[in-house]
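Consider the two complexes below, in which chain A is the common component and chain B and chain C are the respective partners.
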Partner chain A sequence: MTDWIEACGAEDIDEEDVIRFDHAGRTFAIYRSPGNEYFATDGLCTHEKVHLAGGLVMDDIIECPKHNGRFNYKTGAARGAPVCVDLRTYPVKVEDGKVFLQVG
Partner chain B sequence: MPAGMVIVGAGECGVRAAVALRENGFDGPVTLIGEEAHLPYERPPLSKQAMTAPDMPLARTILDAEGFARLGVDFVGRNPAARLDRAGRAVHLGDGRIVPFERLLIATGSVPRRLALAGSGPRIAYLRTFDDALAIRARLRGNCRVAIIGGGFIGLELAASARSLGAGVSVIEAQPRILMRGVPAEIAAVVHDLHRGKGVEIACGEQIASIEDETHHILIRLAGGHAVEADLAVIGIGAIPVTSLAESAGLAVDNGIAVDDRLRTSDPNIFAAGDCCSFPLSVYGGRRVRLEAWRNAQEQGALAARNMLGADESHAAVPWFWSDQHEMTLYIAGLADEGRSVVRRDLGGGAFILFGLAADGRLVAASGIGQGDTVARDIRLAEMLIARQARPDPSALACAGTKLRQMLAA
Partner chain C sequence: MTEAFEDRSLRDSAAGSRNDASDTGGRAASARDYSLVGRDARRAVETGLASAEWYHTDIPRKQMKELMQRRDAPAIRDTAIWLGALVTSGAGAVYFWGTWWCVPFFLVYGVLYGSASDSRWHECGHGTAFRTQWMNDAVYQIACFMIMRNPVTWRWSHARHHTDTIIVGRDREITVMRPPDLLRVSLLFVGVTDVWEAMRDMVRNAAGRLNEEEKTFIPEQERPQLFRVARIWAAIYAATILLAVAMGSILPLMLIGLPRIYGAWHFVLTGLLQHGGLADNVLDHRLNSRTVHINPISRFIYWNMNYHVEHHMFPMVPYHGLPKLHELIKHDLPAASPSMWAGYREMIPAFLRQLRYEDYFLKRELPPTARPYREDLHGQAAAAR
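And then the complex of A and B:
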């Protein structure tokens, strides 16, 4: 079992938005869905290693800012050219208004 | 063999179309015909990472052999389509093979415009293909002097890459400023200063009088009297659409293979898409344009595929483009020359966006520049506003505190 890491406050992320979270030399993207749930994936696009947190969240899609490749951030699945490699996802929980990540 | 869907040109557009045919449920034969010796690959890295990567770069493949097999697409490489027989509905390939089609997509792209007086010596280069990139890369050394003729996107990206490797770089542009086509002067000025600050020399308003091969270097004489000595000259003076196949088969050509809003040529069974075609841009009332842009190639490939299958869908996308130069990236949505008035939004750290508004207040273009992807999200949202023909409040556009996303929701 790996530890839960405190990443940010639940209100630090707007609804239908994403922020970047760096931890122990790695970078993650944490999402808040329109349905007010929280998700986390690897922080970098699988196409050119661009930070996904600069992109746009639309429903359950994160669109990469660089060339508009798309992923489902809930499952990590690549959803459109030019991305073809899926993102890794990580468990998230919210407790006492704080978002925790299990980065494994 | 039953005639199926045939695509000529295995670039970004052709491959995207092949994939889209399958995604939209077509299960008949799909043949993708290419002339290059590589699997289809992405062109944008050629002026960027392919130049600067420390190790010999590999072409960044769009779809590999396994991908083609999985999709059941017959990829025919190194075999140019030599002739189009419209009456017989077949494409004749270079090796004599005849490929019949039910519907055909021409996605032959574009090639660099040649500079006649440059000739074709070993120190003269153009950049379009992976092989071109390897040839240029092999000549780029820290102490070499590169002259880049043409201050457009490809020339300037290459200038940035060559400079970052330590080469001496001179850009020679005939127009009064760089990026004359499609980029507002205010942004071109920032790009100019950026290059200057990195030590790239830029001479604008300079016509070339002659290019002489002096065995150990070349001498580029400018009409104004100056001369530039270089070890390598890369010519980036624009691209011309590859229309010969279409033209000799009698299809209408107008600054590219002329298609309607369904991407159909003057023959209803033949479509054209990507860099090779000119099409009516619906967001601007049907103004006929030809784009040389990566996402456009993808979107048009996918749209052509749907229409080949009978979707009868009109092109509605807004042009979108990016360019990486040094540590800055420029993003453009829409065509900047459509704007009659301009609103500027500053995002901090020198990043800014120019919004172009039409006389009736419609947002028609957005061009921005900044470190990395600073302006990317706003440009993407602006693109959506342009598509909706929105008339955003100019004072809200000017204020970085007002989120474009809220305007989109409004």
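And then the complex of A and C:
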């Protein structure tokens, strides 16, 4: 069983926004939805390896800052060209005002 | 201010054993290989110029988020004006067909069809014009048909253009290759060469075939849609031609297809300024892209793509946010050309110079407030050769 990793404070992420989290040589994107839920995916776009933390969160979509490729950050599903490969998602929980990530 | 630049360090590093004008005398043999499957394509990958990290002006996240925000209202307004004017001018052209009065209507119709479609294709392809995605998709499909760019091919081609802007062997959208073919460039204004190429590509794609370059950037799973669109378009053009024959009149073609020829001049006029005469094989958009101040009508037709350095540096910012972005980062950019005239006054002599010495380019001077050009990054690319 993989441990939960403390990633950031819950208030470190604005509503409908994303931040970058690096851990053990890997990089992740952690999202706060308009409904105040938290999600996490791999940090790099599956198209050209650009970090998604520079992108735009709109509803349940993260848009890559380089080519505007779109993913559903809740499911990781690619939502059309130029992205074709889904993002990997990770379980997230919030406890005592902190966001924890379970990395596999 | 612009500095003429014969960049031997870049030239020597980027071109390896390429010739220059002094070796060959007169017009140089082309040292650049623009093929996407050729020598420079391989070299760009080997030297780290492909899919590289690019320079960005620092902008606080909060401001960037505001600039990136999508809205439907500006693009709905502009699209209603665009399509409304298109229908009105087209109706006027048909009404006055057979008299000289139809000419001004066709002049307007042609620019709206053959030039405004370029910027609509572009902005909706980025998905930034509207907040609502189906609106981006709908206008994208219409504009692609008008500008004769297969929506699948060009979505992928343009993604590559943003990954590897003006990287020789990687970027398929380099309009003026070196040394410049000025006859071909001139013919672009009347849409001759590119329309011929677009028709040739459409027929090939309708037959279910891609060329070797297309295979390098269009994924397998996208190809059936590409072929389907090419077949639909071929059917539309065939029906238009049949209608013209049946009517014994060129009028149907004056409304569908030919406006891409007689109305192309404006998008070529503005489009050449995007990168013309500037550096290639660099990793800083301030070196290879140009921002130009232009008149409000051209800005409407061009959807603010005159802010081209800003667009390349931050492609997530919608067209209606580019003037604000320009104000925010202009301290870090070369001064914008004050007019199209000023842009052409520096660009045309550069093209002429490149006829004899193709490594010549314009290096635009940065203001004292700007961070310097990333010679370190370009130097790394050079050292790798």
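Here, the second predicted complex is superposed on the first by the 104 of 104 C-alpha atoms of A that agree within 3 Å, B and C clash if a C-alpha of one lies under 4 Å from a C-alpha of the other, contacts with A are read in each partner's own complex, and residues count from 1 in each chain.
Throughout what follows, a residue touches a chain if its C-beta (ideal position, glycine included) is under 8 Å from a C-beta of that chain, and two chains touch if they have at least 3 such contacts.
Here the structure is a predicted model, which means the values were calculated and not measured.
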Superposition on chain A - do chain B and chain C clash or fit: clash
Who does A:P65 touch here: chain B (first), chain C (second), both, or neither? both
Just checking: does A:A81 make contact with chain B only, chain C only, both, or neither of them? Give me first, second, both or neither. both
Mind working out whether A:H51 is in touch with chain B, chain C, both or neither, as first, second, both or neither? first
Does chain C touch more residues of chain A than chain B does, or is it the other way round? C
Chain A contact set shared between chain B and chain C covers 54-56, 63, 65-68, 81-82
Using the touch rule from the top, collect the residues of chain B that touch chain A in their complex. 16, 19, 42, 62, 294-295, 298, 320, 322, 372-374, 376-377, 380-381
How about chain A: which of its residues touch chain C in the complex? 14, 17, 47-49, 54-56, 58, 63, 65-68, 70, 81-82, 84
Give every residue of chain C touching chain A within the complex, in rising order. 51, 64-65, 68-70, 126-128, 131, 133, 152, 155-156, 159, 162-163, 219, 221-222, 314-316
Interface with chain B, chain A side, in the complex: residues 50-51, 54-56, 63, 65-68, 81-82
